[in-house]
Amino acid sequence: MNAPARTGEPFLTVDKLRVTYVLDRGRTIQAVSDLSFALNQGETLGLVGESGCGKSSAARAIMQLPRPSDGQVTLGNTDLTSLRGRALQQARRRFQIVFQDPIAALNPRHTIRQILAAPLEIAGIRETCADRDARLISMLERVGLNGAQTLERKPHEFSGGQCQRISIARALILNPELLVCDEAVSALDVSVQAQILNLLQDIRCEFGLTMLFISHDLAVVRHVSDRVVVMYLGTMCELADADAIYDRPAHPYTRALISAVPRPDPDLEPNPVQMVPGELPSPMNPPTGCRFRTRCPKATERCAAEVPTMRPVRQGQMVACHHPLVGA
Amino acid sequence: MVDLASLRPVEGRASAAPSDRHARAIAEHRRSRGLGVVFWLSASWLTLVIVVAAFAPLLGLVAPDESDWMALKAPIGSENHILGTDPLGRDVLSRVIYGARVSLTVGFTAPAIGVGIGLVLGLAAGYYRGWVDEIIGIAIDSWLAIPGLVILLLFSVLYGGSLFMVCLSLGLLFIPSAARITRAATLTCTGREYVIAARALGASDLRIITREVFPNIIWPLLAFVMIDIPIAIVVEGSLSFLGLSVQAPTPSWGGMISEGREYLEASPHLSLVPTAVMFLTVLSFNLAGDAMRKRVSGGRSGAI
Amino acid sequence: MHDRPPVLEVLDLRTAFPTARGMLQAVDGVSFRLEQGRTLAIVGESGSGKSVLSRSILGLLPRNAETGPEGRVVLNGNDLTRLPERSMRKLRGRQAAIVFQDPMTSLNPTMTIGSQIVEVLIFHMGMTKATARCRAIELLATVGMPQPATRVDQYPHQLSGGMRQRVAIAIAIACEPSLLIADEPTTALDVTVQAEILDLLQRQVRERQMSMILITHDMGIVAARADEVAVMYAGRIVERAPVRDLFHQTRMPYTSALLASIPQIDGGRRGRLEAIGGRPPDLVDPPSGCSFRPRCRFASDKCDMTAPPLAGTGQHHFACWHPL
Amino acid sequence: MRYLLGRVQRLLIVLLVVTFSTFLLVSVLPGDVAYQIGGMDASEAEIAEIREELGLNQPVVLRYLEWLTRLAQGDWGRSLLTGESVWSMIIERVPISLELMLLAQVMALAIAVPAGILSAWRPNGWADRFITSLGFACVSMPGFMTAILLIYFFSLHLGWLPATGYEPLSAGLWANLKPMILPALSLALVEWTVLMRTLRAEMITTLQENYISLARAKGMSTTRVLLAHALRPSSFSLVTILGLQVARLLGGAIILEQIYGIPGIGRLLIHAVYTRDLIVIQGCVTFFALTYVIVNFLVDLAYAWLDPRVREARAHG
């Protein structure tokens, strides 16, 4: 499963990404502040956090849908944030996205052929109908659908799982290098989710894809990712290899998140919630210093005074906390 | 109330011999979604009116403005004037038929103009937002601030009673509502993921508008146009009632009703015949439009 | 254990909806019993009929729904299926209450949360407005709402998802019902808030000796919070057992396949998940015999012929000709 | 509060745009008013002199600005024909049009609200079908046709109600109301359908919401669910449509005022248009634009009162 990170230099680097939404007349919300990470070719990075932590805004910013308010995103050696107009549209072939709601991601009025042919038309690939159909059918077969029967039908005739397969086919048809999955399996049932996760694993190896997997489901993220980023209220808490972050979490929030997930084993007593009970602070005026301090059992004055910066605590594990859980 | 959509069954072949329960359910569903007898009744009346109006000259009718001095204010049923004549001896039946031409032309062209322009404005406002949306919004508000009839008055007085001008000025009246409906539909549509997915594929704005947005907003708009047609006929009727629509010799329903007003006591049929014909036509448009809207929007129609 | 009559007894309940392709059999003959103070988890994927079951029990179905004539729902001795709407209404909220899934839409946006609690108290308990308001504030405190006295006059949009679900729970337990149905109460919430809400639910149910039906699709919640479990598939209960038996001695192939396809958060086992093949069943035209047959590894012609009845020893029942 | 200031600013712009465009439109009118004043046989010199005196030769923009500044000081200008102050003409007729419009709206609402709720409760039930087809019948009958039919039955045949005329309130309430019933009814018969359909569509969507299922699960009776729970969240677009209608009805009752002989603003405007009395036309249109702006503003306030979410957003806004 862990495709070896082949080439050394990073393939996708995100540097100090910031996303700010402007509410009416001058009030702004910082959905993402100072997100930075590097991803090697063929590696999968999990982006996990509760709702409102900015993981989806980060994914959309990386996809330049819309462009981030600040910070840089480079894919291979092209700086996506500086691209404009035609150049950006051309570059989009190299990175694609799969959305959460499978049905809403497909235009209800188009047939599956129109949906899958769109990327080819936009990229200006001219070919005869026969060749194009053959290409579409082979891609549909590749994602586990009966190609011939599917082309003529419309999205409402398919189940959630099938629509997601069609979305994946559309994303892969131009042979992208980066695939962003924004809660791609969250809307699916467990049995269908397993099918799609297996499919994602197969295509990752076959297409040599680098993947960014965004989800609130920690178990799914662990299953899919090589490395994981944990976010809270727009900021990065921790970045580490998947096994390290789940077995030896360094940030109190990561530990609280992992312990809160109910395990499917009746003999385990549900763990007590390791967080100060209370509500998520409003993103409009986040707490000073470390944003998690209002719910952190280990918060001190220093946490309120000084914003913690990401620093390594173990080999391949970085954390933004003044009192990391070392040796936990 | 469980929303049926969440229970949407996965595709599967309809069983070969549906048991009676299945048949009953399918029939019940088709009935509530079908067009129904009301639709066919109104559709047939409309076709009758359109055909008769279009081929009026071939029907061998008396010319609408030809006065038969022998039979002034003849009652209904007199020999060569089935629906009688008006005080100037003109045949009521032929005037009603030729009057239909005015009403139908206005009824179809005015909403077409209004929705045409409204569509473009609504699309631009809904898709580009920002200052485009602001300016179009103010223009629409200003347009609504002036009561419709005032504009019609000014226009008809300015340019006299040519049919073209009536259609144009009436068309302008339909722009705000069409623009608002299009803008609302465009806003919801651009929010959906398939538009964002198209952008992610590198599609240009033009392609997104024509291929992704337009096919999805055309249906609610067409359903809405069906409401405008009867309104156009009614407003044209009011205009000709005030004598501001097509000028005297050409007959129009509103004009006939207005002229017949003085003789309400003696020969009410002068007003009541055009009233009845106009009422039936407008009612048929409304009922046919509602039935089609039910079909398009899946059962729970009744949108304004 | 069985001296007292069960709080709720459901016998052969059937519910179907007319659709464009025929009758959709959402609940296809469900029977179970629920003793006082016990928590029964009903687990199943979407389209398995678990939500429709909860609404059928309380009679909250849309008008075009058809319920099987021989179905019985006996709550504290009275058979709800035979009650006229008027007396059914006296029961709802008084003897049985429900908490819905999406806190964002299950509270009236134009009414203060206080008035939505007071309404139930006045209608069912005959309290005056004043006493009902104090009781509402007490209830908000018991469900863990900070500064209940000020929050009582706030509107739902001023509260977070977790807080709104607490208000929904306060409404549900206001009249001390004997049965509480929680229809996926935490699915729309984050995992940390989820734990708090489930703790709250379990505490209230234990303190008030209520029986609870917890509907969910998350096996983790089932393992942690339920006494007994019923697994639903295509409108039928395919396996029913105490929670430990279900996890450790699973007999129904569907249940074991479901457990195997859940990604694990502990331990490094990665590799491919054992996904169940095929697609969820079509409830309008269900397969003959056992509805899991097309996706089951152990299927035989017998499974194709007749649907297996829910049988088994002691408290562990399952509907399968070739149990594991 | 900033939100409301934004709204006021936008509505002022609308006011300016409306008045300027009308001024432009009106000044292009053929058949110069000077001829009206000078009479048909007036000589060219006299006509030129009248035009000069009334300042009709100045460029349009200048005349508009001059008119605007005078309006700002409360001077609505004088009628070119009778010399009577426009403001007094309008003020004299406003109560009449207002009374007609209010009566019609009250009647329309009294029919539309119960009908809307009833038909939304059982979509496609017998009540819904009956009310909807009744609605279509009323909408298909334009105002002037209903007026004629009402006159034909109630005043000509039965003679209960007068067909025309207007009695000021000073002549006694019933004397005032009597001639108003038929016109208000013919107006209400058309307007109630739009209100009913808006409320029906909104109610149908609201009744699908979860909080309605919760209300039923709480054991609330159907009437309580419909009135206490479903009505308020469904009344938002009803208020908007009501606002639009009120603004339109003030000017839109032109035909009925003509038929029923009620000296409202509508008739004043028609007369001004026929006689090309620019200043009066401008005055009337400005008055309509003003009512539209004010009514829109009131609708916004009603929104805040009805929907706490909007009130909350605006408190911060």
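Letters A, B, C and D mark the chains as written, and numbering starts fresh at 1 in each.
Definition applied: a residue touches a chain if its C-beta (ideal position, glycine included) is under 8 Å from a C-beta of that chain, and two chains touch if they have at least 3 such contacts.
Being a predicted model, the structure only gives us computed values, none of them experimental.
> Taking each chain's centre as the mean of its Cα atoms, which chain lies farthest from subunit A?
That would be chain D.
> Tell me which of B-D and A-B has more C-beta pairs in contact.
Of B-D and A-B, it is B-D that has more C-beta pairs in contact.
> Going by CA means, which chain is nearest the middle of everything shown?
B
> Let me have the rounded angstrom distance from the C-alpha centre of subunit B over to the C-alpha centre of subunit D, please.
Comparing mean C-alpha positions, subunit D is 23 Å from subunit B.
> Calculate how many whole Å lie between the centre of subunit A and the centre of subunit B, each centre taken as the average of the chain's C-alpha atoms.
49
> Determine the centre-to-centre distance between subunit C and subunit D, using the mean Cα coordinates as centres, and give it in whole Å.
Those two chain centres are 53 Å apart.
> If you look at subunit A, which of its residues touch at least two other chains?
Residues 159 of subunit A touch two or more partner chains.
> Would you give the residues of subunit C that are in contact with at least 2 other chains, written as numbers and ranges?
46-47, 55, 60, 279-280 - these are the residues of subunit C that touch more than one other chain.
> Subunit B: which residues touch two or more other chains?
Answer for subunit B, listing residues that touch two or more other chains: 1, 10-11.
> In the complex of these two chains, what residues of subunit C are touching subunit B?
16-24, 26, 46-47, 51-52, 55, 60-62, 64-65, 279-285
> Taking the touch rule as given, give the residues of subunit D at its contact with subunit B in the complex, in rising order.
10-11, 13-15, 17-18, 21-22, 25-26, 28-30, 119, 123-124, 132-133, 136-137, 139-145, 148-149, 151-152, 156, 194, 197-198, 200-201, 204, 207-208, 212-213, 241, 244, 247-248, 250-252, 254-255, 258, 266, 269-270, 273-274, 281, 284-285, 288-289, 292-293, 296
> Give the list of subunit A residues in touch with subunit B in this complex.
Spelled out, the residues of subunit A in touch with subunit B are 63, 65, 88-93, 96-97, 99, 101, 104-110, 118-119, 122-123, 157-159, 167, 170.
> Can you list the residues on subunit D that touch subunit C in the complex?
122, 209-211, 213-221, 228-229, 232-233, 306-309, 312
> Can you list the subunit B residues touching subunit C in their complex?
Subunit B reaches subunit C through residues 1-2, 4, 6-7, 9-15, 18, 21-26, 28-30, 33.
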